[in-house]
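One structure is given below, represented as C-alpha cells, and several questions about it will come after.
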Amino acid sequence: MTTLFTLNKSWYDSAWLYEQLVFASEGDVVLLMEDAVLALGSPITLASFLAKCSSANIAVYALIDDVSTRGISNQYPSVNLLGYNGFVDLLIEADKQVAW
Amino acid sequence: MTTLFTLNKSWYDSAWLYEQLVFASEGDVVLLMEDAVLALGSPITLASFLAKCSSANIAVYALIDDVSTRGISNQYPSVNLLGYNGFVDLLIEADKQVAW
Amino acid sequence: MNAQKLMLVFTSAPYSNSNGQEALDVALIGAAFEQDVSLLFLHDGVFQIKAGQQTSAGIKQTTKAFAAVNDFGIDDVYVHDLSLIARGLNTEDMMVDVKEIDTKAISSLLNQHDRVLTF
Amino acid sequence: MNAQKLMLVFTSAPYSNSNGQEALDVALIGAAFEQDVSLLFLHDGVFQIKAGQQTSAGIKQTTKAFAAVNDFGIDDVYVHDLSLIARGLNTEDMMVDVKEIDTKAISSLLNQHDRVLTF
Amino acid sequence: MNINVLVTGGLYSTQCAYSAWRFCRAAIEAGHKISQVFFYQDGVSQSTNLSVPLADEFDAVNQWAEFSAQHGCELVVCVSAGERRGVIGAEQAGEFGLPGSNMHAAFRVEGLGVLQAASLEADRMVTFK
Amino acid sequence: MNINVLVTGGLYSTQCAYSAWRFCRAAIEAGHKISQVFFYQDGVSQSTNLSVPLADEFDAVNQWAEFSAQHGCELVVCVSAGERRGVIGAEQAGEFGLPGSNMHAAFRVEGLGVLQAASLEADRMVTFK
C-alpha cells in the first residue's frame, strides 16, 4: 500500500515533522501545500529533507497554486510542481492520504 | 521601561522564539503559560533558554494552573510558579505586555 | 462492507485546543461501528495521556476518557519513542498501557491502516 | 491624551490565515487616530511583504495593501535579519522599503513602544 | 472514484476551506465523485448563513452551497462540533430552546456515525485542515 | 489600575477564553478595573448566543456575560471580524438582510477605533491569543 502524505505546515514551525520524513516510507508520495511551500524558496532549508526522501525513494511534489500565490521561486529541481488536478491524481494513485 | 512577555506556545513547536530569548532584554520578565509550560517537565529542553535568561537578568515565571492541569512537574528551580493573581501583579509592575 | 483499520493520530497537547477530545470521539464512533481502531500519540500529543493531570476550576479534564479506551475495544495504543524522550517522559508516565515504537515502526503501521486521521 | 507608540508584529505567512490582514487593519486605525505606528515582520511574517505574489482564482491578495502603508503615515517598517536569512530572502525581495534589524535591535525597539500587538 | 472529504479548519485561521473547495472541483473535472463533504471541528464555521465576507474574500459558505447544488454532493456538519461552537440547525434550535439557528440550507446536521459510514463506502478519503 | 483586554483566539482551537477570563477575575480581586474586553479575530466566537457546550466544558459566552454583569465591564466585538465569521448583532442582521443574528445581549458591536480609544485610556493593555 502506498500513502499520499499532504503537508500544509511551514518547515519553520514544524521542522520536527520533516526530520521524521513525515513518517513516509519507500514508494510513498509527499505533497507540499499551503505554508509547506514557503521553504522551497531557500536553497538550504529543505536540502536535507529532500536528499533523505530521494534516497528512500519518496517522491516530493508541491502545489503550484500555493507556490505562485506566495511569490515563491522553487529552488529544488527534484520537487515537481503540480495543480489541483495533479493533487487529485496523486490521491487516486495512492491507497490513502495522511494529512499532517 | 520593562516588558512582560507572555508565551503560550510549546517549545517543541516554537523553539525559534525561545532561541531569540522572546526578544526580551535586561530587566524584562517572561511568563510561561498554556502550552509553554510543557517543556518544564524535561530537565534538558529549557536549560539553554533559562541560562541565557539568567545571565541577561530576565526573570522567568510559569502559571501554576497550567502546570498542574497538564500534570507537569517543573524541573527548573529558577522558574517561579505563580497563579493568576501573580500574573496580574507582573502586568502591573511592567510597563506593557507582549503576547507571543 | 468489510471492517477498516482506522488510526487516530494525536499530535497536540490537551487543554489548549479540542483536538484530543474530538479525535477520541472519532475513535469511539469507529469502535462502535466495529472498526479496528488504534491510537498513535506523537509530538506534543503524548501529553494527552500523561498521568498526573489535575482538574482546574471550570476546565474540562478531557483526557480522563483515554484511561477507559480499552473498555471500548481499543487495545492498540502506540507512542512515538523520540517524542517521549524529547519531553523527558517514558511509558510509565502514561495513564494507559502503551506500545512504544520508533519512527520506522510508525511508517510501517501507517501502511497497514486503511484510514489515518491526524488531529 | 498623548499619542502612543504602537507596534504591530507580523509573525505568520499570508493566505493560510487572516493574521496579516487583521493586524494591518489595526495599524491603519492606529494611524487614523494619529498614533505613532510601526510594523515589524519576523519569522514567517516576512512573507507578508514578499514581492512577486500572484493572485489566484477566488483568493484575496491581502498583502497588496502593505505596499501603500506609507500613504497612511506609517514609515517605520522593520524586518528581522535572521528571519530573512533563514528563508533565503533579503530586503530587495520585500515589496516595501524596510529597515533590516537584528534581535538586539528588536528588543530595544519593543522597549521604546507603548503598545506592542503580535499577530 | 468515490471520494469522501473531511474538512476541519476554521475560515480565517486556516486555508482549508479554499484548498478543499479547489480540490473538490478538480476531482469532479477529472470524472470522480465527491460523495460527501463532512465539516468537523472548526470546519463547522464553513456552514453559517450569517457571514458577510468582503467582496474580494473567498466566500466559502456560498461556494460550497453552489458546488453542492451543481454536483449533488452532500454537505454534512457534525452535530456535536457545531453545538459547541454555535453552529446550529433549525431542529437543534428548537430542541435546545436557542434564540435562532444559523446553518445554511445547503448543509445538514448529522452525527459522526455518518462520517464513519461514508468512509466505509468511499474509495478514498481526503482531509483538509 | 485600568486594564484593557484584547482577546483574539477561537473557543476550541485555543485556551484563550479561559485564560483571559481567569486573568480578569484575578485583576478584579486585586482591586483593578477591567474597562473593556475587546474580541477580535477568532475571538468573536466567544460572543455567540447559539453555543451549547457540554455540561463539563468551559462556557465562555455565559461566563463573560456574568463577569460583565457583576463588574460593569464592557464586552465589545469587532464589527468586521464578526461579519467575516458570521457573528452578527441585531442591527447588522437588518443592514445586510441576513436571516437572523446570533450575538449574546451582553456584547455589543463596534469598530476597531473603540479598541484604539480604550488602549489610549487604559493604564495597561493585555492580549490573550
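Order of writing sets the chain letters: A, B, C, D, E and F. Residues in each chain are counted from 1.
Convention: a residue touches a chain if its C-beta (ideal position, glycine included) is under 8 Å from a C-beta of that chain, and two chains touch if they have at least 3 such contacts.
The shown structure was predicted, so the numbers you read here are calculated from the model rather than taken from an experiment.
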Item to check | Contacts common to chain C and chain F (chain labels) | outcome: B, E
Checklist entry - Where the centres are mean C-alpha positions, what is the separation of chain A from chain D, in Å? => result 28
Checklist outcome for this item: CA centroids of chain D and chain E: separation to the nearest Å works out as 33
Checklist entry - If you average the CA atoms of chain C and of chain E, how many Å lie between those two points? => result 26
Next on the checklist: I'd like to verify one number: the distance from the centre of chain C to the centre of chain D, where each centre is the average of its C-alpha atoms, in whole angstrom.
Outcome noted: 39
Next on the checklist: Where in chain E do residues touch two or more of the other chains?
Outcome noted: 12-13, 15, 22, 41, 54, 57, 84, 125, 127, 129
Checklist entry - chain B: which residues touch two or more other chains? => result 8, 12-13, 16, 34, 65-66, 96-97, 99
Checklist entry - Using the touch rule from the top of the page, what residues of chain C touch 2 or more other chains? => result 15-16, 18, 22, 43, 59, 115, 118
Checklist entry - When you check every pair of chains, which ones turn out to touch? => result A-B, A-C, A-D, A-E, B-C, B-D, B-F, C-E, C-F, D-E, D-F, E-F
Item to check | Contacting residues of chain A [partner chain B, same complex] | outcome: 12-14, 16
Item to check | Contact set on chain D toward chain F in their complex | outcome: 1, 4, 6, 18-19, 22, 25-26, 29-30, 32-33, 35, 115, 117-119
Checklist entry - Residues of chain D touching chain A in their complex? => result 13-16, 43-44, 47, 50-56, 59, 61, 86-89
Checklist entry - Which chain F residues qualify as touching chain D in the complex? => result 6, 8, 40-41, 80-81, 84, 111-113, 115-117, 119-121, 125, 127, 129
Item to check | Residue numbers on chain E that touch chain A, as the complex places them | outcome: 1, 3, 15-16, 19, 22-23, 25-27, 29-30, 32, 124-129
